[in-house]
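Chain lettering (A, B, C and D) follows the sequence in which the chains are written, and residue indices restart at 1 in each chain.
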């Protein structure tokens, strides 16, 4: 592990200097080109359409590919931040490898993004940080509604509440989680608010009526 | 009929002083307690760079009355699953115990309820300790976890520290050779020294123990608001809560009075037997008059005429009191009242100073944890109190049997006691380190 | 006159609260009435000018022992524990003991005058308020004529205390292992 | 049979395990936190946090607001450190847009953020001391915090939820006496912080209440995701201001204070030293605030190219991260906020087991949580 001290982090550690070659006339143009509006970027499902995102082929990615082969679906860099798209079934193993071998020892965040038009609608996003390399890495896994991804709690206890929040907000059920229940919303709540099809004005009116004794929480 | 009236009259004739003093205590102590609260809030505000109550009356002087009115008209909530009867009378026990124990106290040579009780000091301590019954029963009857934990803590704390406090006063009792309150003060006059100088360790132990007994910070665990909300008082509201509160402050006055009597020379003025200091007898009216003058000075600065008017009233009240104190000095026929008035003044000054120390500590120190409190009580204070009793006894023996100089004997034995206390603290530190690093036996705080 | 009023008042309170203590089902209520009984008894001591006994009663029984009683009652769910303990024999024994006691008291009251020295009722004692201060008297007799029994009692209590501590410690160790 | 009754549950005298419900209305849970404590006597055998009483769905709101519209909302998360929240959000969006704020804006941001760090730590110190029973530091702390809030008020008109920064820079130029005010505060603060230290640092009761309480070693911290002063108190010399400098932190000299034991006392010492260091940063920054524009090249309509960005700053309470996904429209597609309080609170159970009830409040205090941020 010791020999590769530098490779992964041309990404973030040097970001304040802004010197790296960005292959794009980046979003500075965005305000200017307000009117055309880039024709509403097809469907969100189509990944990496913008020039800010470039395929990544670093030492680190090569090691991951070597180790996990086809489980690493893609490796990209967005705004100079690297991320790997991985097979959901292998997420646990890859996470363990990241912690033990690649020294990404802090699970900074674990969250999800909903893309309802996609066949498998959720992205699980784990943001890892390595103290040794002072670098971040994002692991992304695509998950469908019925899938039960393995819980990361065995690797990082901090995943406990983060996964509960994902469950609470998106309804993704993790297998192997020690106590998967709602965390921010009340236990009897129906629906998962951060799903895109959950309207912002929609409340669980039944719950509100039953538990608070009022017609609406608004 | 006539005979009954005769008996009644005779009864009144014999006991009128006691009756009047008793009524005064019952009627005035709650008021005084209310003003002790105001003084505490003002002192706290001063130490915390703020003003404290300022709205009700000038400088908040009427705040206690406003508080009392508020508490009286508040709803008296009795929790649904509580034991209503016990819940109802528990605060009364607390208050009654505190007031009853005052019955045996001397607030000056002539202001007292019961005269010459042989076991005066024991009575005060014994009866005031009954207040715990109110606390523990109230905590239990509330049927709330916070309350019951508060009650248990309070009881455990009281039992532990009463032992230490009781042993501590034995030092003074040995020196005085009596349990009568008046005789204890007389002994200090005779021996020309306050017992605090003869038994400093005893006084210190009593100071700590009395803070713990009255549940004051840093030993206010039974009502630690950051842990137990309000401890045993959590479920109480309105006047029942006020009774607890008043009982607590009345208790403070009781322990301060006991300490004053035993260690601080009671109602004796400083240097009671030094004749060229006799002008000190004129000090009380002077001090009170100065307070009046200050009030007049402040009256001009009040923003509202009502307040300024009230300030004038305060000033005149001060002058009136000063005149009462000055009268015996000015008019020879009234000279008989001088010792009584001055005694009461000095007694109150000492009690106030003692209570001030309570408050000062409260604003300065963080709170002990329960096990630390218990360790302090059982591992340091109680052994130290026992050693102290032993030391004072040895000193007295050395004086009476071997003709030693009393001061020499006391200095030597006190030094011995201090050495023991250093050793005890050292032992305790070692034990604390062992316990906190997980080695050694974790002791149960309640096992004591 | 005042003395008899006080006596009957305290005696009445003592008997009444004793009866209530036995009949209450709630353990804490029983404890409260026991405290009342003890306080009333203390009042009788005071009425008899035995002020040291009075304060000893208050400090030791009401202040000390009752703390432990209430403590245990509050900490242990007695109502649960009581379901496990059956009092079949006790009731029978209690009736027997009560009868025996009643018989004894009756006999003593009947025979009182015939006992040597005038029996229980001491004749010709000084009026109560003329007695010497009894705190000193009690201390003197305890520490002079009855020194040996006093010391023996102290040692006995000490042994009991040490024994209790040792037993408690052993049990804790047993729990831990 | 009697023995069965007495040895029920194996606890002393057969007393049941007591479940004590702390909060959501409790003086020292710092808001609407509810902790269920399983007690054996006064010893804590386990805890369960019930949170969400202050949940406002900030992340959902973000998806229905434009980038600028959402900025004030982040102030409502950690409302005692609103400026830090705003800094994190603005910088994250700037990163998403691939622009940078001008130098002058960066420096002013740094000053305000460091003042905010001091203010946040002052609230922590006051309440923490109050939890442990020291009444007085609270008022001293709030007195100093008041000075900071006055500076904020003069700067942007608001005291608590300031919305001080804009995406791309600043809206307001520093007012005329800004430097002087900051300098006066900093000069004063040195003496004041010594006052707090005199009250607490050497106090044996304070030491007894905090040393070896709520110990969390470095490995546990990292496993539990606990960051900020908690991690530093465990001896990890890691601060994002140094590790991955943002705003203008790379220009200033400051130390990262670290502890050794990772106990409550160490966390106290670390935060106290952090206040001193923040003061130094402010003093360095006001010496030379570069001239120039305060707003970068960002238009009125913010429409980042599709993609995503993660940006984290060292907020007073730990790592505050924003993960923003853009679908190319004027509204963020997804904003994920990594709240330090939420993650740190998870460590409570590990820290408190085996301690006493009184330590629960000490440990909750030392975690320095703000429920607005925990629940969002």
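In this section, contacts are C-beta pairs under 8 Å (C-beta built on N, C-alpha and C of every residue); 3 or more make two chains touch, one makes a residue touch a chain.
Values in this document were obtained by computation on a predicted structure and should not be read as measured data.
The set of chains touching subunit A and also touching subunit D is empty.
Put simply, the chain farthest from subunit B by mean CA position is A. Counting C-beta pairs in contact, the pair that comes out ahead of the other among B-D and B-C is B-D. We define each chain's centre as the mean of its Cα atoms; on that basis subunit B and subunit D are separated by 43 Å.
Centroids built from CA atoms put subunit C at 31 Å from subunit B.
With centres set at the average Cα position, the gap from subunit A to subunit B is 64 Å. Taking each chain's centre as the average of its CA atoms, subunit A and subunit C sit 74 Å apart. Contacts with at least two other chains are made by residues 75 of subunit C.
Multi-chain contact residues of subunit D (touching two or more other chains): none found.
Multi-chain contact residues, meaning those touching two or more other chains, do not occur anywhere in subunit A.
Residues 1, 26, 28-29, 32, 35, 51-52, 54-55, 58-59, 62-64, 66-67, 70-71, 74-75, 133-135, 168, 172 of subunit C are the ones touching subunit B in the complex. Of all residues in subunit D, only 12, 18, 20-21, 26-28, 41-42, 129-136, 138-140, 143, 199-200, 203, 205-206, 208-209, 211-212, 356-361 touch subunit B in the complex they form. Taken together, the subunit D residues at the contact with subunit A in this complex read 51-52, 55, 57, 59-61, 63-64, 95-100, 222-227, 236, 238, 243-246, 250, 297-310, 312, 319, 321, 323, 325, 327-329, 333-334, 336, 338, 342-343, 345-346, 375-376.
Partner subunit D is touched in their complex by these residues of subunit B: 44, 47-50, 145-146, 149, 217-218, 220-221, 224-229, 362-372, 432, 436-437, 444-446. Taken together, the subunit B residues at the contact with subunit C in this complex read 7, 83, 86, 117-119, 122-123, 125-127, 129-130, 132-133, 136-137, 140-141, 148, 151-152, 155-156, 158-159, 162, 179, 441, 444, 447.
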